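What follows is a set of structures to go through.
Note that chain A is present in both complexes that follow, paired respectively with chain B and with chain C.
Entry: the complex of A and B
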């Protein structure tokens, strides 16, 4: 029998709505949950929880404060401040899925300050990613093709009639929409002509009619006096686009190695919604296939997931510089992806050097000046009588309540005050190989 | 090949006997603890000997020759690096970008080095630079990513390749070492750069270590205890969990070993103030300390010069030549240059005709450089034929896999066929 990849998950005796499933949903759509977040999700049940995650939610006071100071950062010249601002927003947001989608698109439309050299433009692109993150992909592409940071990043200003520059045309086909093998070199050359004159002037998108080639073109089988929007329509009409995007979303949110039939089914659904990302993500996250235990803890966390997951789940008081530095040192320097192909995710996140930074972070996260007091607060909130309860607390927080057998000896060795034991139990859990997986 | 566990543990025991009293106690505990991990990771993951290496320190292979790879990322304009300055077509196709005959550093056959490559010319004068012209592959791909993957996997279908060409060489060394029951754990390759491990170094058996600098590679706290927690047996571990476990163990062992090199306090001469020079300097100190790898890999980025190329390309070529010259003379000082060969490559060259933005677009074939006393000293492959282009790009007259095969067989002493298939080694690149 053919599997219905889009069938909705309903809790049952064999597939109960429990810590593991709720934890899976929250890790994939956000970050490692705090005990409160997990309790809320368990209480809501899967459908209501997914509904809340994809839809609007009032932002926290801290996020609103951060938004108030955004213009002064955007008008400045320090990309590091914007990076810290973003990290703090990730720490305090009540819309984790939106945040994760924005991170996904930042990797997808990977643009780097190294070439753009304008903090304001990077900020505006980030806002663009967020505003389209759960909208229609069609409008998203039209927005990104006019985004001043993107125009600078892929040499749009050099793309003029008679002297086309292929950079943007190549990447929109290869990396943003269709993938290799689904277009020809000729498609790239003609698409480049369609985008001639799509420039950036003084930080704004500017269509330069004089420099635009309005001659006949043929891109992906569509003929006419095509301009950039026509090329985007042709791309959207090409089934390879939905397959490419469906595969990438599944790899990012469901499993690193999705079944081709799953990709095909999800692609078809995505197309049927007119590339509505909110509807598509809703369908995916509410599906039985998504909650298949075979996919639990199969993705290696990105540095942002790792660092922010620790900070959020333990409600650590961490400043922006520390968050930005930790994620950068682990290989994810936000706003400066290594190339237009984004980061190499999953196993690509880890080598012995970046793993070393994670190991050091696991240790340092609970060693700062405030951490002693913070551990005391945790002990106040959670009456942990002794070693057994402390280990249980760490395992609830980090492993959905299951104590990894591999850590048993380390947990047995805990000694000292309750505070010391809690610190050590968490350090052991956070530096374990198991915790690197989401 | 499977090695009985007892055999491998015997080696660990030997290593412990050779250790100083310091740390002995905790290391023993560490090994007792991690015995469980050995049974699951077993010979497939080389864990026991891998751990043993952390106790031993570097075991230099005095015969071992070393290969340094410098990747020029972004598509280096080979035509403006090794310049056919006597060819009128070159000057005609590059009205604003051509290197003038009066400023290039002449080599032979009408070819000369870019005016900013003075330091490389000195290496040429010593007979230690071999240029391999027009290197590429059939049906060139002009995507950065796919072409880079092709060079890294040495396969025209990189999607099908599971590993990189250097990773496969590393796998071979590991296999042989473990078959001999010898230590299989000295890292055979090291990536010293920012950014992720290049695909070329992806091995099937283990993670090749990757560090941004020696200084950055220090681990907090009790490393032995941490390693013992990480090494604990995983009964139902997925491949990904085992990958994480191996990588984390590699972090522990390599941190210890690099701390040893830093402690030895190698003093190197001054290098020019370039990023590449800084990385090559660290590579030189690791080589001088006999850290162990036979392959070092680093890169220089920024070669994707679509617009206003001259502003960027000259300084990059200067950084390349002065940095390479610095490590050559440093190694010479210690008489180590004889065992080191340096090789450059880029994912493609650039279009012969310059574009309208005083830059160049993605092209095809380009020269590779081989540097060191082992290089033959000369140019193979001749001058590029600008009158006979392929879609505006230089045709390849030499397949990059033949250069790889030559370096594997004639320098590293590795049989190329299992790594590269039927690519034939070339004559005349290296001194025999």
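Entry: the complex of A and C
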């Protein structure tokens, strides 16, 4: 019998709504959950929880305050401040799925300050990613094509009538929508002509009519005096686009190696919604296939997931510079992806050097005055009588209640005060191979 | 009423920090001391002081009653004067100043204030009198932190100004502890050491009241030694090498580093990894690494604090680092203080040619290499000029770094940095052509900035030449962005350079340069020889105003750096502003001594309005 890949998950005796499934949902749609977030998800049940994650929720006071100061950062010249600002926003957001989607699109439409050289433009692109993250992909693509940072990044100002620059046309077809093999070199050349005159002047999108080639073109089989929007319409109408996007979203949120049938089913659904990202993500996250235990902890956490996950799940007070530095050291320097292809995710996140950085970070995060005081608070809120309960607490927090076999000896060796044992148990858990998986 | 409350806070002083800050210890300590019954003492009220040849001034000291065994000591003198001066200052404190408000609301301070108020009232003393009694003529503490070899040890001695008042206070503390039995100390809390009655406050705390002193310690052997010192001051703290330097200070601190010397050295870098820092602080770092003694003296005046710190080793600065010592030179005739919005000056006096020659001894090789590159670049920019021979070697007098608050700036950018200037005195007898070469170098440097801007696709700095009061100025300015608001550091300055009356001036704005030229041209006094010290002067209220100009930038930085809410970050910045407003002018000087160096500072105090 053919599997219904998008059938809605309903808890049952064989597939109960439990700590493992709730933890899986929260990790994939956000960051490692705090005990409170997990308890809330368990109370809500899967459908209500997904509904809440996908739809709007009021942002926290801290995020609103960070939004207030954003213009002064965007007007400055220090990209590091914007990076720190973003990290703190990720830490305090009450809309983790939106935050994760913005991170996804930042990797998808990878644009780097290294070439853009304008903090304000990078900030505006970041806002664009967020505002379209769960909206219509059609409108998103049209927004990205007009985004001044993207124009600068892919040399839009050099794309003029008679001397088309193909950078943006090539990337929109290859990396943003269709993928290799679904277009021709001729499509690229013709699409480039359609985007001539789509420029950036003094930080604003500017259509330069006299530099635009308004002649006849043919892109993906569509003919006429095409401009950039017409090309985007042609792309959206091409079935390869939904397959390309569905595969990328499934790899990012469901499993690193999705079944082709799952991709096809999700692509079909996405197309049926008119590329409505909110509806598409809702359907995916509420599906039986998403909650299949075979997909639990099969993705390697990105540095941002790892670092912010620790800070959020333990409610640690970590400064913006420390968050930004840690993610950069682990290989994810936000706002400066390594190439137009974004980061090499999943297995690409880990090598001997970055793993060492993660181990050191886990230890460091639990040291210092802030963390020491925080461990005391944790002990106040969770009366942990002895070693057994401390280990249980660490396993609940980090492994959905399961105690990894590989950590048993380390847990047995815990000694010292309750605070010392809690610190050590958490350090062991956070630096374990199992915790690197989402 | 307000003054009394504040006095309660401050007058607790060193003793409060030691004793009352921990309520449990405070109660125990005070109770036992209060139980002292003066007539039972061996000296019957005259006690130790009656040792032959002991003078009245020696009786009134506490430092001569403590053994010179532990590495650190602190002494506070003349409680009455101290309480009066600090009290007057606190009384005038602006109640709206954030620091005053924080002190008002500090739980620990309030707890201590209330505790002391109770004891004072029960002893028939005003709060001011109680505080003055607790400091007495002299209060001295010697201590050793906990080490691998053993627990922390301390010994405190108080030479009272009013023995009767002190005894009344001690008795009240003792009574509040419930240790009195029929008006006497309970027998199980009494013991004799060296024929002296000692009160056992706790397992680790002993107190002893002799006729002219009160002792408190956690080490019996220290107490024995104190009781045996009598008038043999050669065994007391006053035998410290540095003691005579600070003997007359209101508050003094001394340290003979001994075994702590290696600890201090291990906590300091071998060398500074920044060439400028190496030049500025290299001699201090060297002295600190070899330090044997550190002494600090603080004098409390009505409107200022004066401090001097002396750091001394066994030998002076190594010969290869002598180039780091300040040298004498010509002092400019004009006064920077007259500049509008003047903020402060750092003045560094070196033989710069020697610094360059000894660069590899002064800083790490990589930094020395950078210095050579810098020199080469400057020589190339100026063309046909040897930067070291023709320029550095000509500098006679302090190189000064000036800053001033920017006033009347239309459409102020954010952050609004103060105007800054670097001034190097080259002398009037410049060789032919040097002035032109310097201008050429400035023009080239500005061109490079413009080129960099152009390469980055930004508005490029525009270069120009102007004349002002007969002097040629080379300057650059960024065009204002006409398409929309654009703020930022690049638009906050217009670098300008001029050579005026033998002084090379590099300023961050052309307006500031013109102000400096006005001061030079209008100066009435004549140049004088400067003294051999590095100096800093800073007007703290103006610094507060500059920070206030950048309040939002500071708050944003704090929110990001500390993960604080807007309110928390704002409160922190306000606290910083409040603290700066309590200060007046800060004057600081660092000069070498035969065996190390000496820092002197004077901080004016205001009421924070």
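Rule of thumb we're sticking to: the second predicted complex is superposed on the first by the 438 of 438 C-alpha atoms of A that agree within 3 Å, B and C clash if a C-alpha of one lies under 4 Å from a C-alpha of the other, contacts with A are read in each partner's own complex, and residues count from 1 in each chain.
Note that in this section a contact is a pair of C-beta atoms (placed from the backbone, for glycine too) under 8 Å apart; a residue touches a chain by one contact, two chains touch by 3 or more.
Quantities reported herein were computed from a predicted structural model and do not represent experimental measurements.
Peer 1: Would chain B and chain C fit next to each other on chain A once aligned, or clash?
Peer 2: fit
Peer 1: Please tell me which partner, chain B or chain C, touches more residues of chain A.
Peer 2: B
Peer 1: Give the angle at the C-alpha centre of chain A formed by the C-alpha centres of chain B and chain C in the superposed arrangement, rounded to the nearest 10 degrees.
Peer 2: 80
Peer 1: Is A:68 touching anything from chain B or chain C once the two structures are fitted on A? First, second, both or neither.
Peer 2: second
Peer 1: Is A:42 contacted by the first partner chain B, the second partner chain C, both or neither?
Peer 2: neither
Peer 1: Mind working out whether A:240 is in touch with chain B, chain C, both or neither, as first, second, both or neither?
Peer 2: Neither partner.
Peer 1: Considering only touches as defined above, state whether A:379 meets chain B (first), chain C (second), both or neither.
Peer 2: It touches nothing on chain B or chain C.
Peer 1: Contacts for A:15 in the overlay, against chain B (first) and chain C (second): which applies, first, second, both or neither?
Peer 2: neither
Peer 1: Does chain B (first) or chain C (second) touch A:264, or do both, or does neither?
Peer 2: Neither chain B nor chain C is touched by A:264.
Peer 1: Quick one: classify A:206 as touching chain B (first), chain C (second), both or neither.
Peer 2: neither
Peer 1: First (chain B), second (chain C), both or neither: which does A:279 touch?
Peer 2: Once the two structures are laid over each other on A, A:279 reaches no partner at all.
Peer 1: For the superposed arrangement, tell me the lowest C-alpha distance between chain B and chain C in Å.
Peer 2: 8
Peer 1: Across the two complexes, what residues of chain A are contacted by chain B and by chain C?
Peer 2: After superposing on chain A, no chain A residue contacts both chain B and chain C.
Peer 1: List the residues on chain A that touch chain B in their complex, please.
Peer 2: Residue positions touching the partner: 155, 158, 160, 162-163, 165-167, 170, 174-175, 180, 185, 256, 297-298, 300, 329, 331, 338-339, 341, 343-344, 346-356, 359-360, 363-364, 405-407, 409-410, 428, 431-434, 436-437.
Peer 1: Under the stated contact criterion, what part of chain A meets chain C in this complex?
Peer 2: Interface residues on the chain A side: 61-62, 65-66, 68-69, 72-73, 75-77, 81, 84-85, 88, 91, 117, 201-204, 317-321.
Peer 1: Show me the residue ranges of chain B that touch chain A in the complex, using the header's touch definition.
Peer 2: Within the complex, chain B touches chain A at residues 33, 142-146, 191, 195-197, 207-212, 216-217, 219-221, 226, 229-230, 232-235, 238, 240-241, 243-245, 247-248, 250-252, 254-255, 306-307, 355-357, 359, 361-362.
Peer 1: Help me check something: in the complex, which residues belonging to chain C touch chain A?
Peer 2: 414, 456-458, 481, 483-490, 552-553, 555-556, 559-563, 565-566
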